[in-house]
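Every chain is named by a letter (A, B, C and D) in the order it is written, and numbering of its residues begins at 1.
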């Protein structure tokens, strides 16, 4: 017999989007309440890949805990590691050699580009265009190969160590990056042809999921998502770390706050990252790639907080130290978690198709949310 | 030079000779049935392979290249895989309707094959309201989609089916107007006569602006009617996982899959018939030598070439564009395609009445 | 919405769609742009620093450089390495700690490279082998020092 | 972001605060210690006081000190760098504090996380349910120091 399809007295339909769903990019579980196709409420259920990294870190030494953070936001794992290394360096007052600083920034920006390129493909796939996804992977593969050559890994690099980086740059690095820059520039123009100016894409993203500046701040939304709402919140500009204060780059800010604005901000950031890499690639100072540090790191008693700008927003590392070799408590302020919290606010009143576009434009990475 | 027309004629004669009139008619129907089933199978294999290659090349990939030479047997392998898979029926599904839907879908596609003219004088049923018949029968497929979505007892399926209902019913109109444009110009609804009217030149060359517009409108409308991207809202992979056929597996899924490609083929075939002259070869004015060469190419090749060109265009749409949203889809229909189609029809009527076409 | 705007919208929309179609059409006919690597046929291009698994190089006379100091075991964040030491008697008659078994759990390893960095004698390194799939998990527990191998002379 | 950064006189802020607050300087960022019942008033003050307007709560967490819990709030201004850390001690057996989800909406999710990880009850929270942990987890708080994971592959 045909069972009655679940409906409440209000005529609302409750649907599980996820944990396995093509557009949640991982195991995110959203319980959405619909009236027809219109979304009344989005209720995220998290924790499907919660590994309690914060608890794990409490039993790892200050050299060891960095690698775990690659497993949070795996698309900007390098920047996560950077944040952790910065926090330890700040606590121990280690001076990072200039060469290491430049290498770190170069790697950060390459990571940001790789992350945004993948986001571009995934966003296109969310709104139904499949071809851009493959084109995006073509460019991402080149960045990954550059990473692999120097860091030895493609995704979870673990290249940062307190005091610098693990190895020196590979001799081929400069040449390969220089080859990559003009190639990527031409491909960015192709991206514009395929999506940016496409009328269907514009229709799907303009005026969708509008987040005002005040709401963005209140929800603690950071990164490109907040900059699309007109909030200049780039940590690289606010509290420059490493050598960002000596570099010229624009903070891409849009005012509309919709999905298309978020799209434009990320496209702009790819170009900015490219210009940062261009500025640095010929100006890598000679010298050490790592400061001299003790074999066993002991942080002084106290609390330390460092902030970096990942591809998704502000990533904070909060270490509470009791003076031992392991952190007493560690808290990762992951950008995805706060960004996700605004999803309900943004998606209400839109259609299911819009929810997918909004999630795509938020650039959610689920391990980053769950930690 | 033998043609399909002659082969069929010879076959018919031989049948009548051996079986008598009644027997020949029965045998002809049986052969026809076998032909349609075979044709569908081959069509599925060819079109799936084509789609995979087209998408692969557009996506800087190689596409299937492992099974058989150049991967030609890939779709055959896939079919075998689908056949050997278990056909699940979800708990709480309406078993009868659930099993009926894919069959209905494929039957509708098969019915649509009737008025398609494959070559000179090769047509299963040349009824005098051919294009109207296509227009009418093709809307029955929405019933299959609705049944599939409803009987699956799955909310995603239901949403997909509801979307599909709104979509197919609306786009039916625009496709109808586009078809009417040509019907007005050629003065007939019969497929063979429409083709005959393009003896001196295909409508896309002779009909100026109205036919160009009608061609574009027709292509958009049939893309929507066959549930293909960018109008694949009923399936909407990134939103509804697989929409109305989420719960189908094995051969039942294969039938939906096959029906989609069959519908694309038929829509393109009708499009080729209406705008590109069906099996009619390309003739240019008084270039006798050129026209002779064109005539030498068999009419079935002409028909298939035009049809596959249109299929390619529809695939090209799919692998380039993002998907529309349901309200935008309806907006496109009611705010753009329908008014344009109407104005276009009036224009075409004026041209037909005044005899301004070439 | 004036008729002019209406028509302009249509025209601009169609043009933007055509731009995209031209791009995919370009790739459709330019097969030299295809980037597929056919993996088992084409061997993958791996960087020399690629981290596949931890190995312990031995020289021709079956000697390794591991003194069994357990620096790697301590550096490992997730207990991948287990070192079992034994006491050997040197020719001078002294008892000396030496490596008995270097047990490496590939199934736990995250390939973070911290053990390699920690090793004072460069006894272990990363290999580029990446095809690790086996049918039984136990096969991933490896003993890195070869049977009968001993410490290279001159390594302290 | 180009407007000049203005320094905040935290001594004066503490003097003006509507509730008793203890200021601790010398740490990287100034810290305000407040009694849990006074927190909502202070939060409102920090958010609305014209010279502060700390509208950006960028980190909210809790630390288990075995004898008590400490709530830690990191606040900042959206344009100026005015970071202040607010801390409040909670009783470990009956941890209770007012929710600030009405002032900073990001607190809604962060408080839910702290609720399940540390068992802190947030009074006046709009929707205090489990967020990360599976349903029926009640009672055990994973990030407290006395929590032992029954499934632990690697013992260090």
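Quick note on the criterion: a residue touches a chain if its C-beta (ideal position, glycine included) is under 8 Å from a C-beta of that chain, and two chains touch if they have at least 3 such contacts.
Keep in mind it's a predicted model, so treat the numbers as computed, not measured.
Enquirer: Report which interface contains more C-beta contacts, comparing A-C against A-B.
Expert: A-B
Enquirer: Starting from the Cα centroid of chain A, hunt down the chain whose centroid lies farthest away.
Expert: B
Enquirer: Could you tell me the distance, in whole angstrom, between the mean C-alpha positions of chain A and chain C?
Expert: 24
Enquirer: Could you work out how far the Cα centre of chain A sits from that of chain B, in whole Å?
Expert: 45
Enquirer: Could you tell me the distance, in whole angstrom, between the mean C-alpha positions of chain B and chain C?
Expert: Computed value for the inter-centroid distance: 51 Å.
Enquirer: Starting from the mean Cα coordinates of chain B and chain D, work out the distance between those two points in Å.
Expert: Each chain reduced to its C-alpha mean, chain B and chain D end up 63 Å apart.
Enquirer: Among the residues of chain B, which are close enough to touch at least two other chains?
Expert: Correct list: 58-61, 319-321.
Enquirer: Can you list the residues of chain D that touch 2 or more other chains?
Expert: Expected reply: 156.
Enquirer: Which residue numbers or ranges of chain A touch two or more of the other chains?
Expert: 60, 131, 138, 194-195, 198, 200
Enquirer: Contact residues on chain A for chain C in the complex?
Expert: Residues 60-61, 63-65, 67-68, 131, 138, 141, 145, 148-153, 156, 158, 161, 166-167, 170, 190, 193-195, 197-200, 295.
Enquirer: For chain D, which residues are in contact with chain A within the complex?
Expert: For chain D paired with chain A, touching residues are 1, 27-29, 55-59, 61, 63-64, 72, 74, 78-79, 81, 85, 104-106, 108-110, 113, 131-134, 142-143, 147, 149, 156.
Enquirer: In their shared complex, at which residues does chain B touch chain A?
Expert: Against chain A, the touching part of chain B is residues 55, 58-61, 92-94, 151, 153, 155-156, 158-159, 163, 229-230, 232-233, 236-241, 319-328.
Enquirer: Residue numbers of chain A touching chain B in their complex, please.
Expert: Per the stated touch rule, the residues are 1-3, 5-6, 13, 15, 21-23, 37, 124-131, 133-135, 138, 194-195, 198, 200-201, 203-204, 351-356.
Enquirer: Spell out the part of chain B that touches chain C in their complex, as residue ranges.
Expert: The touching residues are 54, 57-62, 316-317, 319-321, 336, 340.
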